[in-house]
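Paired with chain B in one complex and with chain C in the other, chain A is shared by the two complexes that follow.
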Partner chain A sequence: MTTNVTREKKIKMIPIFVMGKRYEVPETLTIMKAMEYAGFKFIRGCGCRGGICGACATVYRKAGDYKLYSGLACQTVVEPNMYLTQIPFYPANRAVFDFSKIKPEPEEIFKLYPEIFRCVACNSCTKVCPMDVEVMDMIAQLKRGDIAKAAEMSFSCIQCGLCASRCMGELPQYHIAQLARRIYGSLIALRAKHLQEAMQAIVSGRYEECLRTLMNTPDADLRKIYQEREMEPEMTGEDWTPKDKKCL
Partner chain B sequence: MSYTPELKELIKVVEQTRSERVALKKRGGEFPMMSLQERERMLTYHPDYKEEGRRALKVGSSKGYRVAHEFADILEAWSRVKPEQVDLSSVAMETDVLIIGGGGAGTSAALLAAQNGAKVIIATKLRHGDANTMMAEGGIQAATKIEKDSPYYHYLDAMGGGHFKGDPDLVYTMATQAPSVIKWLEELGMMFDKFPDGRMKSIHGGGTSRKRMLSAGDITGAEIMRTIRDEARNHQDINVVEFSPVVELILNEHGQCAGALLYNLETEEYFIIKSKATILATGGCGRLHVQGFMTTNHYGATADGLVLGYRAGVEVTLLHTVQYHPTGAVFPEQAEGLLITEKFRGAGANLVNIKGLQFVNEREPRDIESSCCIRECLERGLGVTTPTGRVGVWLDSPMIDMLSGEGTVQHEFPGKYILFKRYGIDIAKEPMLIYPTLHYQNGGLKITADCRTSVPGLFGAGEVTGGVHGENRLMGNSLLDVLVFGRIAGENAAVYIRETAKDGRLTLEHVTAFHKQLEAAGVPKDRVSPMLLPDYTDPEVRKRQLTSHYIGTLR
Partner chain C sequence: MDLAYYPGCTLKTRAKNFETSALAAMSALGINLVELPRWNCCGTVYSLAEDDLIHHVAAVRNLIRVKEQGKNKVVTLCAFCYNTLKRANLVMKDSPDKRYAINIFMDEEPDYYGEVETAHLLQVLRDDVGWEKIAGRVKHPLKDLKIVGYYGCTLLRPQSVAIDSVERPTILQDLLKALGGTAVDFPFATECCGAFQIVNNRDIITERTAAILGSAAKSGAEALAVSCPLCEYNLRQTQSSTKQPQSGVPVMPALYFTQLMALAFGLDLAVCGFEENSPETRAWLKNKGLIS
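So, the complex of A and B:
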């Protein structure tokens, strides 16, 4: 076994309370690993284990503190006397729509999610967001009609649903933001013209001869062609072009 | 947990050499790239090249092929059920196309199958979108800037990166379909990184000859996954069955794949979905922890599809290599194994040792980068030791701001920037400690360029298949792979159900036959697969679970 771990350190144990019940766990672990250490086997509430999939949203309190904290179980390190529960799923309304018929207008979002105007600006969504998205402000931008701004502000959203779980107006913020991002990406940001050019060049058969020749090149020659291929330097701008244009 | 005083002292050593390394880059200079001969010598440090780490398969269609013990252990294993226990006349659901796996490949397959008139069920072990696709960070390759790039160069880069072992038809298909996949994503509303005029930004990845890596911040995979998942949720003909892994494929009397036996993880019931065509899109294997390595992979990455396909008679190919991503976090401890995207190196960050010296160009293919890191730490003793006893080398991210302007790290890598900030580490000013981590299953089930397997009616797409990446995948080619072949599989499955699929009596005889081979090979009875979920239960806890009955890793 190739291993880069050379020694074990003595581990200090601390108490945490999983749904109110006390367990002793090593102090350096994440909530997720601490629960596994304690004997829990995850089916729900565990996903990518890398902070991006939104499966392990967790809310917790600390001893003697009224404040409700939130985090991802896979990213948050346990603290002594932490009271926690996972919220692996939350029922939120998602509108169904035909995206090909959607227009880049805020009214489209208002039509699909009229509850957006039930927002009372309490800011609970922002406070609970484990990704530090300014959720309430994002919703405010949408109400003002700025889809682009809302798309940008919600880009880090992992759709864990904690915002919806705390919302007095019963908004599904993460679904609304998803729609805003898709409208922005497809219909507001300018399209990349070079995609169409590249597709047309391929369909026209422009590279076929070069590619077919390459596919039938014996291994030794292929290695030589590979080794000698012209490399785009790292510090070039968009205007760089190679000397060899044969297979472009 | 910010850096300890000891580590902060060592960071000063890195700072001492930084301005000189930045100046070199600004002059257009580079740490020398290796020749193919040098690369081959370096690969002796790679875990794949340790013969004691693998063994020859004793059963099945690739009998005699040497693969890692962890793969052999799941391929040479018994079904979770006795075939005779299953009532094949009791069908819970019926559909045209059954897609096993709800990641990038499965979801794009569903969209294309539905678009071509098929009714679809996506069966997934966890939630829809719980997949390695979600975790891919740096980018997706596509030769879209035709004044400097073409599928020819994309093909050449992919072939060379894969040690010239890639399947030419598959590589050709991937390179030539790439621009249309990007266009599809743009139309669906994915937020690519663009210039104000709409032109997509593109950078290098390890082993690319042209800057063709397109991206969406440092969460490219998540942005792809949430966009196509959102689109799938609009389709009436796509139904998703969550928390229901497949445990066996079901064939019919004509030898066609005709559905699957599934397991409801919550109610512990087994049930049958009958289908006219089936697509395996179960993803990779990181949670097998090959050779004891930490992994970047999703909780569900237990190579289930390999087992299902292999039992049904599909060969495995190129499974003798797995990819270790050179840059997995080793500090802080809670981020252990976490992927640090290659985009950091694409943007110019060097890898340096405890002396602040470069030991490899940061844009070599991944297997070479990993080999160099392993050699630096384990043979040369020039790694940095963390307080918990892990060893790693520095990834010098602050160079990026010096090369491309203040604020670049925060803007281009928002995900990692926030994450490390929470640990008290500002990666725009301090480097990260990294070590190779198990990342990708290069090989897998054998498919053709139209995603067919050797079993009629059974298609494969994405990480569960092998061939397109040869022995080593390049960055940005897996997000591309899942979408190119996912779409092809969906489209071809829809054609297959119209033209070829026949109704017939359901059977699990292939499982019975496989069991006979296992019996003859003397495979221990308690070895069952697919694994479904990894086992992270503390052995001490397990000892006290006096009345629990484990089948494999599950109670």
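So, the complex of A and C:
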């Protein structure tokens, strides 16, 4: 009891409303931790806890404010009188396709997602995106056929699905954007030459001998080699190479 | 002179030749069409339902983008975009209730009162450049070319957005004359091509375009000058689907007026993109000695 009293003195408790029910939670917690503090146990709607998996999308309102807010539960700190619920999943049409047959043309996207033309530019998707992607403008880029630009604009998308939940045209923006990035990544973006060269070197057996020698080295010697290895200096140019170039 | 320019989606996909020829022809006249850095689809069709405000949002958002650039005028090439933007602008200008509802819905944008003027490129050519200056820039007059100006619907209807006389427009013919061509009048200049019926009722398009092409041929024309990518598409598509000899539909190139400008100005042919017009277009131009 005493410990609780001391803790309440130190940390301010604030009221939040989870799915309509009031809970008192420490004001320093994220929505996710606050919900756990209140007794919720996450078996869905939680993944990385680091703001990159998109599992913990949350929508909330503040008292006396007509605006709908959104955030990632693992990243957003609670506010007093926040009315919230999590949307761990939102049903959205995902087209099935054979990627090997896809051409780098906007018509491919139009065919798989004809609903893209139901967009009325209401911008609700952009407003709800917890990653600040300009979702509506990204869809506008695709409608005019610019797959590369759409891929770039949707780069921070974590597929949480909130855009689709708000769309009056019923577009699955996040699936459409993923298709755009796939097409861009494998069919439009320039290939890195050095990567191809490195791959060729591997295939041609360039490192075979180095690796075999290492694999056949006894543990104790390996440790010694490791400890005595030449380290890259902390401040150095990108063209730095070790003295021993045998395995480069 | 720089002019804010709204391309619209079709000029970036199916009608690239309209855009490339326009940019080049205008820069030959000393006007840079500066594409808005941020824009979205115009909404395509102006919604006629009185209470359907949501379908004006896309158009209004683009007009706000023009304002954001510190401009009070925007130029379009696509006749459909022109119509949609212009009419949405009239709503914002003249209907306080609708303006209020649209502004409060777009609460993330600054309020808009219809202060941006939407102009079609043909208006810029007539009112800001002038036919004489255009005629002065011509290197290869389009002489011996008998062309009809085909307006379709969206440049002229409704009257509140018409770029010229609704009944007897001359703006396209005036341009053709300035380019040294022979502008032929024909009674179907402002008839509808069938528009979006192409999607689910091709027969309507075939019927409409056959009448338009037939009338143009009877008037002695060899080609049509157009400003609408949908008219161009419909005219081209049905010419190829009705080419059977019994159909009797004349085969006739439909060219964007900007392609004709680029030709007459003697610009690099690459900007015209004739390969995107009907397959007969190049042969016809060659026959006329306009391209080699």
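Note that in this section the second predicted complex is superposed on the first by the 201 of 248 C-alpha atoms of A that agree within 3 Å, B and C clash if a C-alpha of one lies under 4 Å from a C-alpha of the other, contacts with A are read in each partner's own complex, and residues count from 1 in each chain.
As a convention for this text, contacts are C-beta pairs under 8 Å (C-beta built on N, C-alpha and C of every residue); 3 or more make two chains touch, one makes a residue touch a chain.
No experiment lies behind these values; they were computed from the predicted model shown.
J.: In the superposed arrangement, which partner chain does A:Thr85 touch: chain B (first), chain C (second), both, or neither?
T.: So A:Thr85 meets neither chain B nor chain C here.
J.: Of the partners chain B and chain C, which touch A:Leu195 in the superposed model: first, second, both, neither?
T.: First partner only.
J.: Applying the document's definition of touch, where does A:Gly39 land relative to chain B and chain C: first, second, both, or neither?
T.: In the superposition, A:Gly39 touches chain B alone.
J.: For A:Cys122 in the superposed arrangement: first (chain B), second (chain C), both or neither?
T.: Only chain C is touched by A:Cys122; chain B is not.
J.: So which one touches more of the residues on chain A, chain B or chain C?
T.: Between chain B and chain C, the winner on chain A residue contacts is B.
J.: Could you say whether A:Met136 touches chain B, chain C, both of them, or neither, answering first, second, both or neither?
T.: Second partner only, chain C.
J.: What residues of chain B sit close enough to touch chain A in their complex?
T.: Per the stated touch rule, the residues are 1, 25-26, 28, 30, 35-36, 47, 50, 126-127, 129-130, 134-135, 142-153, 155-157, 159-160, 164, 168-169, 172, 175-176, 179-180, 182-183, 186-192, 194-200, 204, 209-211, 217, 219, 222-223, 226-227, 230-231, 233-234, 243, 265-266, 291-293, 296, 298-299, 330, 333-334, 338-339, 348, 363, 374, 377-378, 383, 385, 387-392, 403, 414-415, 418-419, 422, 435, 533, 536-538, 541, 545, 554-555.
J.: If you look only at chain C, which of its residues touch chain A in the complex?
T.: Per the stated touch rule, the residues are 7-9, 12-13, 38-41, 43, 54-55, 57-58, 61, 105-106, 108.
J.: Which chain A residues qualify as touching chain C in the complex?
T.: 106, 119-123, 127, 136-137, 139-140, 143-146, 168
J.: Enumerate the contact residues on chain A facing chain B in the complex.
T.: Listed in rising order, the residues of chain A that touch chain B are 1-9, 28-30, 33, 36-39, 41-44, 46-53, 55, 75, 77, 94, 96-99, 131-132, 151, 155-156, 158-159, 178-179, 181-187, 189-199, 201-202, 206-207, 210-211, 214-215, 219, 222-223, 225-227, 229-236, 238, 240-242, 247-248.
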